[in-house]
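Look for chain A in each of the two complexes below; its partner is chain B in the first and chain C in the second.
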Partner chain A sequence: MTSPSVSDRFATSKTRALVAAVVIALCLYALQFVTIDGMQSLLDVTRQSAARVPTFFVRITLLLCALAAAFIFITSLSFYKRNKVAVAPWLFLFVGLVLFMIYVIVPIFQSISYSFTRWDGLYDINGVWTGKWVGFHNYKLLFQDPNFYTSLKNNLWWLVLFMLAVPIGLFIALFLNQTVTGIRIYKSLFFFPFVISQVVVGLIFAWAYNPEFGLLSEIWSWFFCETKTNIVGNLTRVCSPEPPSILGDENTATFGIIAAGLWPQIAYCMILYLTGLNNISSDQIEAGRLDGAKGWKMLRHVILPQLKPATFIAIVVTVIGALRSFDMIATMTQGGPFGSSNVLAYYMYDQAVGEGVGRYGYGSAIATVLFLIMLVYISYFLWRMYQDEVEAR
Partner chain B sequence: MKLNTKRTLAGLVAATFMSTAAFASDLIITFDDLNPDKAAAYEAAVEAFKEANPDINVTANNGDREAHKGTIRNALQNDAPDVITWYPGNRMGPFVDAGLFLDISDLWASDENLKNNFNAIKPTMTRDGKQWGVPYSYYQWGVYYRKDIYDKLALSEPATWDELLGNCDKLKEAGVTPFTIGTKFLWTAAGVFDYLNLRTNGYEVHNDLTAGKIKYTDDRIRGTFAKWEEMLDRCSFVSTHATMSWQDAIAPFANGDAAMYVMGNFSVGQYKEAGLTDEQIDFFQFPEITPGLPRAEEAPADAFFIPANAKNVENAKKFLSFIATPEIQGEWNKSIGQLPPNAEAEINTDDKFIVEGMATLSTAAGLAQFYDRDAPAAMAKEGMQGFQEFMLDPSKLDGILENLDKVQEEVYAE
Partner chain C sequence: MFPRPIEKSSFAVRTLYKLSLPIALLIWLLPLLAIFMTSIRPASDIATGNVFGIPSSFQLIRNYGEVFAKTDALRYLFNTLLIALPTMIISVALACLTGYALAVYKFRWALPIFFLFVAGNFVPFQILMLPVVDMSNRLDIINTVPGLVMFHAAFQTGFCTLFMRNFIKALPFELIESARLEGVDEFKIFWHLVLPLVKPAIAALCVLIFTFIWNDFFWATVLLRDDSTLPITVGVRTLNGEFVQQWHLVSAASLLAAIPPVIMFFVMQKHFIAGLTLGATKG
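Up next, the complex of A and B:
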């Protein structure tokens, strides 16, 4: 063994605890001096842009220091050593739990509490909240608001139609699950749309749908349009009937966006099924074949049961995808025309944050309703997971 | 002992942080337009200010206009600059009411230039009887039209509603769609509504409606929509307007498929970029509907404000006085192709749209900001959606107006 060194001495728990405690104290003490003014004169560059960023970084660094020191401090306590097995998981969960509290749990209750107020999102000059308590007023309004029902209806359409991604994904996966030269290229080509950002998918489809220059209207013009010279001598296209304006028509806009959303979602489901198909036991297929199963029967009774985990995940991500439809709507229609392609998530954003409308109370009421709807689904999901655990035991 | 340690530490930290001494006199300005011509005009004005005030250390920031609409809330409540751009009219209302803008009535009272040369725009900058900002630019709205098409069909600029409808009939006969518009982002429809309302009912009704004093189901507002229905019927708009932005809508106009566009003067640059020349395009004021009604116009202004949190208020006021001077206002607006709110400022007489705009606005009986600036944002959003819905299907009018009444009741309730 080597002779005792500094690091060994540090390893003795008393020294370690002492050093850690001092570091915590120093970090927390220094924290209160990190003010915007102080930082501004320290880093003169910050006046150019937002002065808040470096302040924030310094604060976070100090906090993390304190946190790390606290970690060392706790692990050097004798209490910890005696109860290692029971305490250790909580220690590791601690950071995650704190962040989860700050960014998920607390905001949920905050926005529920805002939903009982009328507030334009502003604090006055002294940092005093400018809202007003109005009780259930926002909810009363909400249930009379035609836009709310439009959004709710669209949410349901999204949930229902988005589910198409699961069978279509399965079909493509079955189709691609073969050994042909270059199959990997085809697989990656089919997977490609999932790699593209949702915003880009939205833009591509919005262009394709455009009744003036889009792909659809080009195809339309092969059948229904002729090119004429207009009054100033320029060429112009005259169609009868006019090409459909998918995103400009209240009856088709939502379906246009769902179709765009399905494109990457199908790719996602497909990849889930492809990996599932890789793990199918060949013995069972063999056995099924011996018993005379093929085609539909083979799929229904031998393959699908083995794909159950993949199906479960595919449904989960598809439901989540349907409820997250926000970015597609934001890029393609902004909820238009006249709010007919809104979903609850977008409507909430629109009322609270979007374009300075500033109805934070009303937006929060919408958010609360959306939360309750999702709660049903989440509870079911958790219950299912719990059941699986119990069965596995 | 403990106190001593604390002092020493505080001193140490303070010394580190304050090592670069603050400047004697600062000014931080936040602007919100990155378009090259707009940004250049702003920078030129800031340079001129620096030259006139060498003792002030000016920091000039600039950012994207749409992003600014979101970040201003944070800026006003946390690290406020000394001067910030925002919109007058009702758009400044929430910030004024929350006490986030500084009352600069004293500047308006003491500065001779502000006192005398801004009478037309002063009401727009006023809320609760006090002034809150200084405008640096505004522009006219009206009808931009294809002069070559008008000439070909021997049409003349319409002065009355009937003349306009007559022109539309002839344009349609010739296979030209009378109006282009792109309502995807809604506000363009509000421009048409505002003009129909201003011409049918006048300035007072516009203000009362946007102030929530008149219901949308009021007979006068119904009268406006009746005119709009007539316009949709006889002066049809391009059919795909709900999927187009205002820039997209220029394409049929530039191609000669549509002949007129109800728009603001900022669009002229885009027409020219699309290949149109001064000979091909021209401007007329939206024609009279109710005979004898005093003519009011849309003239949205852009302005500078001082946040209540500003640290260098004296310098900020100096800057506002400076950009209000006729010279700066003239220079600034010449380079961005808009109109100076200062009545003494020179305009670019080579630009026929600016000349016509000046004539239009200086003789107007009242200046409206714009539907979505005069009405609170929550009302404007719903209202403009209603306008778009109406343009797509006029038969839904009753349902739309009743819904707007409900929203109005909620939004204006305090």
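Up next, the complex of A and C:
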């Protein structure tokens, strides 16, 4: 009675497989007819660019149909039915992994290979790559480029000063970790700056730093300025010394941007620590209190060890945030004045696609250096994760 | 609780604490408050130097109305939605699948692939920039919203997978095991058993990804050039260049750009924080 049903369960469902295979073939066959020219005539639009998005959607739809059919095809095979647990994860992974490979993993290696070429990003009329292989030439140029060293130095400043976000975040978290009425609203309002786009934060601070009518000049005027009546009879402000132009000064621009960047980053670290503090075992605190630990001693020996996971994540996100700093520099100074507030991320962008430059090879060399710096932290993070995984087993 | 609960302190300390809270908050949010005040004052105030005092008249509606009337802010906002929502749906959906595969199945490649997602998630954008631009060029999807969505979705899949995998890993595995023993198909287990359990993770990821993409600036500047496709972050920067002398409008536009993520945060606060503090609590 049971034997035919068991063998049925593992047999290939032939009709299903056949239908699916036909659908795959049809979709893939149809795919080559979906061209921009074809869509242009079909939609009766004059501009090619107007036909680009519909073309894209039709292509994607066909691909998805083919994928779905492929899925049905595989699941109707006897091989799948026998090896479900071995095959299923790959079916689950397929789309996500392929997309991630195409857009993230492969480009890393492509970028590294670009860095050994001289290329302006163009192809000739036949679609042939116009670049030239130049070996380590870009790196040689890079190590003679004073702008590169400025950017590298600024990146170091970012890394070092951005770390302030961790202790300040902890401090604010300790300050807010109480249970008075309305404290939840305070906590969310303190977290507020993190939610705002970095572009907006950059604009806010660029305005705050403005020496003529910014927030800082206003505070400055409370201490150093007096209002006088000038010859014409109007009220003018006379300040000595003059309010500083933070973003206009080569020596202070980077620090002005870092301070602005710290604002949301502190908020992030604060929320990490608040969650961490929430999960601390009260037994240990009580035990510590019985032993007479108080204040700093308690923090140092009882609380901080328990906050280790929070500290770890806080440091990781802060390092990544420091090395990724781009939006604020783009909105606040664009690397200026005279390249003094450049970082690798912005300098790369500027060299590769900045106005009239188009140095893909050189830009890729900068990106590769940035990537290698980041790789140190990524490896460390993965290593820590690996330790956790091994422990969990 | 640490520090020692303030209720146990003397009345003076408690009052001092309660007084210091709003003051600290005021200092903390001072830049934001100042820009809000600027956004509701008339242009004449800024010209006469009344930047911080009481506005000579309150022009909340007029200034914000002017932003919509004079600029493309509305279209920028709409474009941002067009970018953020599909990205959110695609990357969270894909991450449910990949996260499930990496958490539930014990195959040799599970950990290496998981680490691949994690590592890719942390790389600097600049190392991806030129190949992605080149590829989008050749696929002819550069300068289009779907092109940007494709990239964002692929990239965010990394973070979502990290989150999802850890979340599913924490679910009781016996549940899946027993379903398997009953002969339930792998995909049915995923759909009927696991998916309902990961709803909180889906919510958290949706909120986070939406905010990340809403605030994205870099990829939009790299992959979009056409003014009609730009999102609000790039739009606001452009406005900043155009309206040099009209700070009240620039600040109003900046705040407009910030409002949706802020609403998202306040409405979905629990999920938002759960997403951000991922891993910060487990030992």
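The definition used in the following text is that the second predicted complex is superposed on the first by the 357 of 393 C-alpha atoms of A that agree within 3 Å, B and C clash if a C-alpha of one lies under 4 Å from a C-alpha of the other, contacts with A are read in each partner's own complex, and residues count from 1 in each chain.
As a working rule, contacts are C-beta pairs under 8 Å (C-beta built on N, C-alpha and C of every residue); 3 or more make two chains touch, one makes a residue touch a chain.
These numbers come from a predicted model, not from an experiment.
Of the two partner chains placed by superposition, A:Leu161 touches none, neither chain B nor chain C.
In the superposed pair of complexes, A:Gln334 makes contact with chain B only, with no contact to chain C. In the overlay built on the shared chain, the residue A:Arg359 is in contact with chain B alone; chain C does not reach it. By the touch criterion defined above, A:Thr179 lies against chain C but remains apart from chain B after alignment on the C-alpha atoms of chain A. In the superposed pair of complexes, A:Gly121 makes contact with chain B and with chain C alike. Touch criterion not met for A:Cys225: it reaches neither chain B nor chain C.
Of the two partners chain B and chain C, it is C that touches the larger number of chain A residues. According to the touch criterion, the shared surface of chain A, contacted by chain B in one complex and chain C in the other, consists of residues 36, 49, 52, 121, 353. Every residue of chain A that touches chain B in the complex is listed here, in rising order: 29-30, 33, 36, 38-39, 41-42, 44, 47-52, 120-125, 127, 130, 141, 144, 146, 209-212, 228, 230-234, 236, 242, 245, 247-250, 333-334, 336-339, 350-351, 353-359.
Only residues 1-3, 5-7, 14, 17-18, 21, 24-25, 28-32, 34-35, 38, 46, 49, 51-52, 94-95, 97-98, 100-102, 104-105, 107, 110-111, 113, 115-120, 122-135, 140-141, 143-147, 150-151, 153-155, 157-158, 161, 180, 185-187, 190, 211, 214-215, 217-218, 221-222, 233-234, 236-237, 240, 247, 250-251, 254-255, 257-258, 261-262, 264-266, 269, 273, 276-283 of chain C touch chain A when the two sit together in their complex.
Those residues of chain A that touch chain C in the shared complex are 36, 49, 52-53, 55-57, 60, 75, 84-86, 88-90, 92-93, 95-97, 99-100, 102-108, 110-112, 114, 121, 174-175, 177-180, 183, 186, 188-193, 195-200, 203-205, 207-208, 213-215, 218, 237, 263, 268, 271-272, 275-280, 282, 285, 298-299, 302-303, 309-310, 313-314, 320, 323-324, 326-327, 330-331, 344-345, 348-349, 352-353, 360, 363-364, 366-368, 370-371, 374, 377-378, 381-382, 385-386, 389. Note for the complex: chain B touches chain A at residues 9-10, 13-14, 16-22, 26, 28, 59, 61, 69-70, 73, 77-79, 91, 94-95, 97-100, 146, 148-149, 152-153, 174-176, 183-186, 239-244, 248, 251-252, 255-257, 308-309, 377-378, 381, 385-386, 388-389, 392, 403, 406, 410.
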